[in-house]
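In this document, chain identifiers A, B, C, D and E correspond to the written order of the chains, with residue numbering beginning at 1 in each.
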Amino acid sequence: MSDPRFELTASPHLKGGATTRRIMWSVTGSLVPIVAAAAYFFGLSALLVIAAATAGAVLTERVFGTPGSLGDGSAAITGVLLGLCLPAGMPMWMAFLGGAFGIGFGKLIFGGLGQNVFNPALLGRAFLQAAFPTAITTWPAAGGSFTQLRGDNFALPLMRASSDAVTEATPLGLMKFEATSTPVGDLFMGSTAGSVGETAALLILLGGAYLAIKRYLDWRIPVAIFVTVAALSGILTAIDSTYPGPLFMLFSGGLMLGAVYMATDPVTSPVTRRGAWIFGVGVGALVVVIRVWGGLPEGVMYAILLMNAMVPFINQATQPRVFGRSGDGMVTA
Amino acid sequence: MILRSGFRHGVHPADSKHLTENVPIRRMGFPTEVVLPLRQHAGKPARVLVARGDKVERGDKIAAADGFISAPVHASATGTVAGVELWPHPDGSMAEVVRVTVERYSPQIPRPRLVPRWEGLSPEEVVKAVQEAGVVGLGGAAFPTHVKLSPPPDADVELLIVNGAECEPYLTTDHRTMAEYPERVHFGTRVMMQCLGVDRAVIGVEKNKPDAIDVLTATIPDDLDITILPLTVKYPQGAEKMLIKAITGREVPSGKLPMHVGVIVQNAGSIATIAEVFETGLPLVERIVTVTGPGVKRPSNLVVPVGSKLRDVLDFCGGLTDDVTEVLFGGPMMGAPQTDLDVPIIKGTTGVVVLTRAETERHPVYPCIHCGRCLDACPVFLNPQLLGSLAQVGRYEEMEASHLADCMVCGACSYVCPSNIPLSQMFSLGKAALQKMATKVA
Amino acid sequence: MSDLFWILISAMVVNNFTLALFLGLCPFMGVSARVATALRMGAANIFVMVITSLTAWVLNTFVLTYAPYLRLISFIVVIASLVQIVEMTIKKLSPTLFRELGIFLPLITTNCAILGLAIFQTNRGYGLLEGLAFAVGAGLGLALALVLMASIRQQTELSDLPGLARNMGLVLIVAASLSMAFMGFAGLLSS
Amino acid sequence: MTIRGAPAWRLVTTLAAAGGMAGLLIVVVFEWAEPRIEAHRAAVLAAAIDNVLASPAHYDTLYVVDGALRETPPEGVLERDLERVFLGYDESDVPVGFAVTGGEPGYQDIIQLIFGYDPGSGEVVGMEVLESKETPGLGDKIEKDAEFVAEFDGVQTPLVGVKQGAGQGDPSEVDMITGATISSRTVIAIINNRLEELGPLLDTYPATVKR
Amino acid sequence: MKSATTAQYDLIRGIWRENPVLIHLLGLCPALAVTNTVANSLAMGLATFFVLMGSSLLVSTFKRFIPHEVRISAYILIIATFVTIADLVLAAVVPEIHKALGAFIALIVVNCMILGRQEAFASKRPVSRAALDATGTGIGFLIAMLMMGSVRELLGNGTLLGYSVFGAGFEPWIIMILPPGGFLTLGVFLLAMGWWRGRTEGAQARVRRWPHGVATRRAA
């Protein structure tokens, strides 16, 4: 009796808003200006490093991931983000390895998109940091001609890079080890030493604003991070003026890139809104703690990874109060 | 009492009401056959009173209420009982129906009043009359109205809310009713207020029906304390608990009824029907239905005899376009898809929405990316993300612990999910599985 | 004071017993499936660590000065017996507390973290207060690692894991990631 | 197949017997091993002192007691509980400097080191890391990087750490290791702090003042 | 016990099929902590072997005299004795390695693997069988340690037992000799075994269990 023309699907029969695919590719798109800026400041080397990291991530996803999972764009984002937080002079094989590690052990092992605990790009970077501490802290100076390589990008796989490039300390390194501050204007425009993509604070903020307006990222997380970092470093500076001030803290190092693009990865940040605030505040506080009292000049990556580890716990602890129930799940009245 | 205007969360689907919102209600002619299921209301199915071959007249009771939470069924057309048998029901099952072959050329004339005049009746008599008239909520759930009219003596009801939100996209049934029959709405409100002994009523209407708001405001009787409250447009405002929250700021405790917070909610269409049965003296034998959607050639608001077959209704509206994929009873958010054009329009059918390929294109399902949109959408503040992952591995007990019972399957979570995960479908399946387990244990 | 604080922080995060020193791996692998259990295990662990630290200090100061070669044996024996006695006392005094923590006590007694604590404390020549700070820090660190691992495992249970990750391999990879993340604390409060 | 339901005295005797046996075994082995371990420990210390004081002919062990250096430990105190410094002499019995140990938290854990100090010139004359868990390949350069270690031979105290190549030729400058600034600084800090504590003692010690 | 294991099985069981580290995840603490070089792994493996063998022999010999109620304490006492001996001997003979292994020699006492073999095997079997079992388990442990040690030393330092493998230009993966490297190496071993088992025993289909009746199409 039933009419073959008609489908039988469950309600709702309407579909609204963004799709995962569109979100992912929008994020990738918003990274393009940042990549361009990286190429402007660090020349061809920046592009080589980004390309190598992306190739590592994408190839790993292609080989070991579920068939067709490349299409959701998440592997490409991981690769580009990883590339953006490496120094320009890094050997390409290392960047490739980092991308492969991040996707392989940071994502696919958990079952692929949406199920990983740690941000794959940052896990890849943490791996590189622990494996090749020298190579990843050799910062080439910004500027120079486009075609000039900023280090030994073409070192043979597994082989050491011969380092004869012009290096420079990062603003955070200068602050930590020599107590010298860098003008905030330079930080804002990006003409300082550092990872290829983290120096251009302005472009990162613009990209983040675009994504936040499109609601492709949760604005609460970067806002919470910025406010926490500014407040804590403000308090510290007020107590002892040798501590770096809020503006310097905000615009130096990977804070902008991390807060806007890494911490907001929906998969590895809390799903609840209250959780997002807690997460952001936690990242901000850890960044300040590691930068000020830790052994490393930069702590954004570790702060985010540590808070990633907290996310399942935060999620459990911040379950929303169900309508018509009090906070502990009891029926009200 | 604070009158506010809003509840938290919810979604904003395109309302698509332009198809019919300005189309006046028309009357559909009698079909050749009406099919009257015995189960058209929440509660126990009615007891059948007629047999094959019996002659029935329009308004005759053909099935009686079986218990308090039950409602009688009346013949919606004059004719002969062609059979008492199983027939496709809009809920997808086969259910017992009374099939009546409509007498051709019958005048279907008005008969001596079957429902008594309202004037001078005691509240108890009014309740009785409403039950006998087979009036049920016309908003979809079809809860027998007389039950709502007789709250237990200990309940302290102080406010009547008339639900004119009609938040489902496409549907304009209540909208047209309010716009064209404001007196009926006010009269029905008067009846209910008197029965319940409350002296305040609020008619909540979403702001996308300005004409209805204007007409209702203009016609408020001087002797009644009725407020017309424009509401911001948001789905699912029409859900009882959301509406109460939006209007009074009170939260109905989980698992409890609105009367626990001193409120009774009745759908605007049902209110108008109460007025209509007392006005015409006929029981509930017809209702207003929006037949709409891009798949219908002539979208209309119709007065349709209860029991008319979907096929006849669609034919009256000019038939279907070629690219039709889905026919829904109810709105697109919560409506039930129909695959059989022989199903009857029943008392609880708020509308018929016909969708085409463009609206129903199926989307590939991606893994959940924990974006949290479903948490922002859920009007009862559940965590659909967690519930969904539990459902996927079949952990129904844990879903229950995460308050699956509070889910009203409004579909807001599925609507917003960027990964197209069929959340609300999994929740209704989860609920069914839990119910099965519970009955097994019991 | 700042020394004590450094000892505490160092034992908790910089040289986290589980993630940097591989001590207490048995509960880390075994009792980390549920957050609620992990929390109680962590609490019990802190408790036993404090007892251990006190015991080791008493033994080191008053007994073992004369026979350092019996250190290992006496640590093992005395700590095990003390925990046993405490367990019986708790059982008697507060059945509720026993239900919450007691069942973990025997598990903890023969645990590398406990013995490790005593040995490290001895090797570094910590005094009473330093030892206590060390014990509390190490205990908090263990509890932290345990709870993090448990909450992560509870989440991955709901995931669509690839077949090869359905054994403890995934847990170890998560541990490696946690360990990498904790490297961020390196050098905390030094110089 | 162990015995079940044994009487209490059996339990106690068994454990006592096992304990006794264990003790006996351990004591025997200990008696054999102890001299070797001690000899090794002494050899390591001697080698370190030899290294940081540029091969003195012999050295004395001095004990820090109540803010003074003494040649013999006070009665009733175990030697290992005392703070010690070592004074080296050349062939003609002229003191060449003190060897001082010290430790502070570095990048990973506590760094233990020994350094030679010549109170006459106020210079550090040698440094050797005894124990560290610094990052291999980076922080561990404080012991493995010969260039870095060599900088501690003849540098004026208090030491000042500078970035490699950024120094101004000041005699108290020590070039830090690129990328391992924390570890390098810790080494410098240990030496400076120890000298701040003990410097006055060492500078006024009779044997050196005599010279 | 009326088990049907043969002497041969007792010997080989611990080596692979019931490898204490790779299958039962026992004795992880030393397996992760001291395997950053092959030499350390070897020393730790041998020390553990010695303790395991000594205590198995002793426990098996004296099993008749040990009352059930105090058996665990007695085992621990015996184990601790052998560990102390091993500690002293290593310190006297190979002080460099003793320093590298640090406190982890003492921690052999709490290696569940050793206590487990006493409780599960040596206390119930004749001395000869106990010796075989201890040999098998000890070798199994040693193999696992050496596997970990070689991978970590090879990648982390470019050497094997101190001999350069990749030549001077090799960039060592320092992470491998750091704590995360220990977790990572063992994790990769376990993943490889999971993969292998999946292949040999027929991998369970990797299908997400959508509830029955949910019509979906996974992203293609």
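By definition in this document, contacts are C-beta pairs under 8 Å (C-beta built on N, C-alpha and C of every residue); 3 or more make two chains touch, one makes a residue touch a chain.
Predicted model only: the values in this text are computed from it and were never measured.
Colleague: Quick check on the contact network: minimum steps from chain B to chain D?
Modeller: Minimum step count, chain B to chain D: 2.
Colleague: Centre of all protein Cα atoms: which chain's centre is nearest to it?
Modeller: A
Colleague: How many Å are there between the centre of chain A and the centre of chain E, using C-alpha atoms for each centre?
Modeller: Roughly 38 Å, centre to centre.
Colleague: Express in whole angstrom the distance between the two chain centres, defined as the mean CA positions of chain D and chain E.
Modeller: For chain D versus chain E, the centre distance works out to 35 Å.
Colleague: At what distance in angstrom does the C-alpha mean of chain C lie from that of chain A?
Modeller: About 33 Å separates the centre of chain A from that of chain C.
Colleague: Return the distance between the CA-based centres of chain C and chain E, expressed in whole Å.
Modeller: 21
Colleague: Out of chain E, which residues touch more than one other chain, so two or more?
Modeller: Where chain E meets two or more other chains at a single residue, that happens at 73, 77, 80-81, 84, 88, 174-175, 178, 180-181, 184, 191, 208, 214-215, 219-220.
Colleague: Can you list the residues of chain C that touch 2 or more other chains?
Modeller: Residues 69-70, 73, 159-160, 162, 165, 169-170, 173, 176-177, 180, 183, 186-187, 189-190 of chain C each touch two or more of the other chains.
Colleague: Mind pulling the chain A residues that touch 2 or more other chains?
Modeller: Those would be 9-10, 21, 72, 105, 109, 111-112, 115, 127, 130, 133, 295, 315.
Colleague: Can you tell me which positions in chain C touch chain D when the two form their complex?
Modeller: So the residues of chain C touching chain D come out as 6, 10, 14-15, 65, 69-70, 73, 124, 186-187, 189-191.
Colleague: Quick check: in the complex, which residue numbers of chain C touch chain A?
Modeller: Per the touch definition, chain C meets chain A at residues 35, 147-148, 151-152, 154-156, 159-162, 165, 169-170, 173-174, 176-178, 180-190.
Colleague: In the complex formed with chain C, which residues of chain D make contact?
Modeller: 19, 22-23, 26-27, 30, 34, 78, 104-110, 135, 182, 185-186, 189
Colleague: Sort out for me which residues of chain A touch chain D in the complex.
Modeller: 133-134, 137-138, 169, 176-178, 295
Colleague: Going by the contact rule set out above, which residues of chain E touch chain C in the complex?
Modeller: 25, 28-29, 32-33, 73, 76-77, 80-81, 83-84, 87-88, 102-103, 106-107, 109-112, 115, 175, 178-184, 186-195, 198, 203-204, 206, 208
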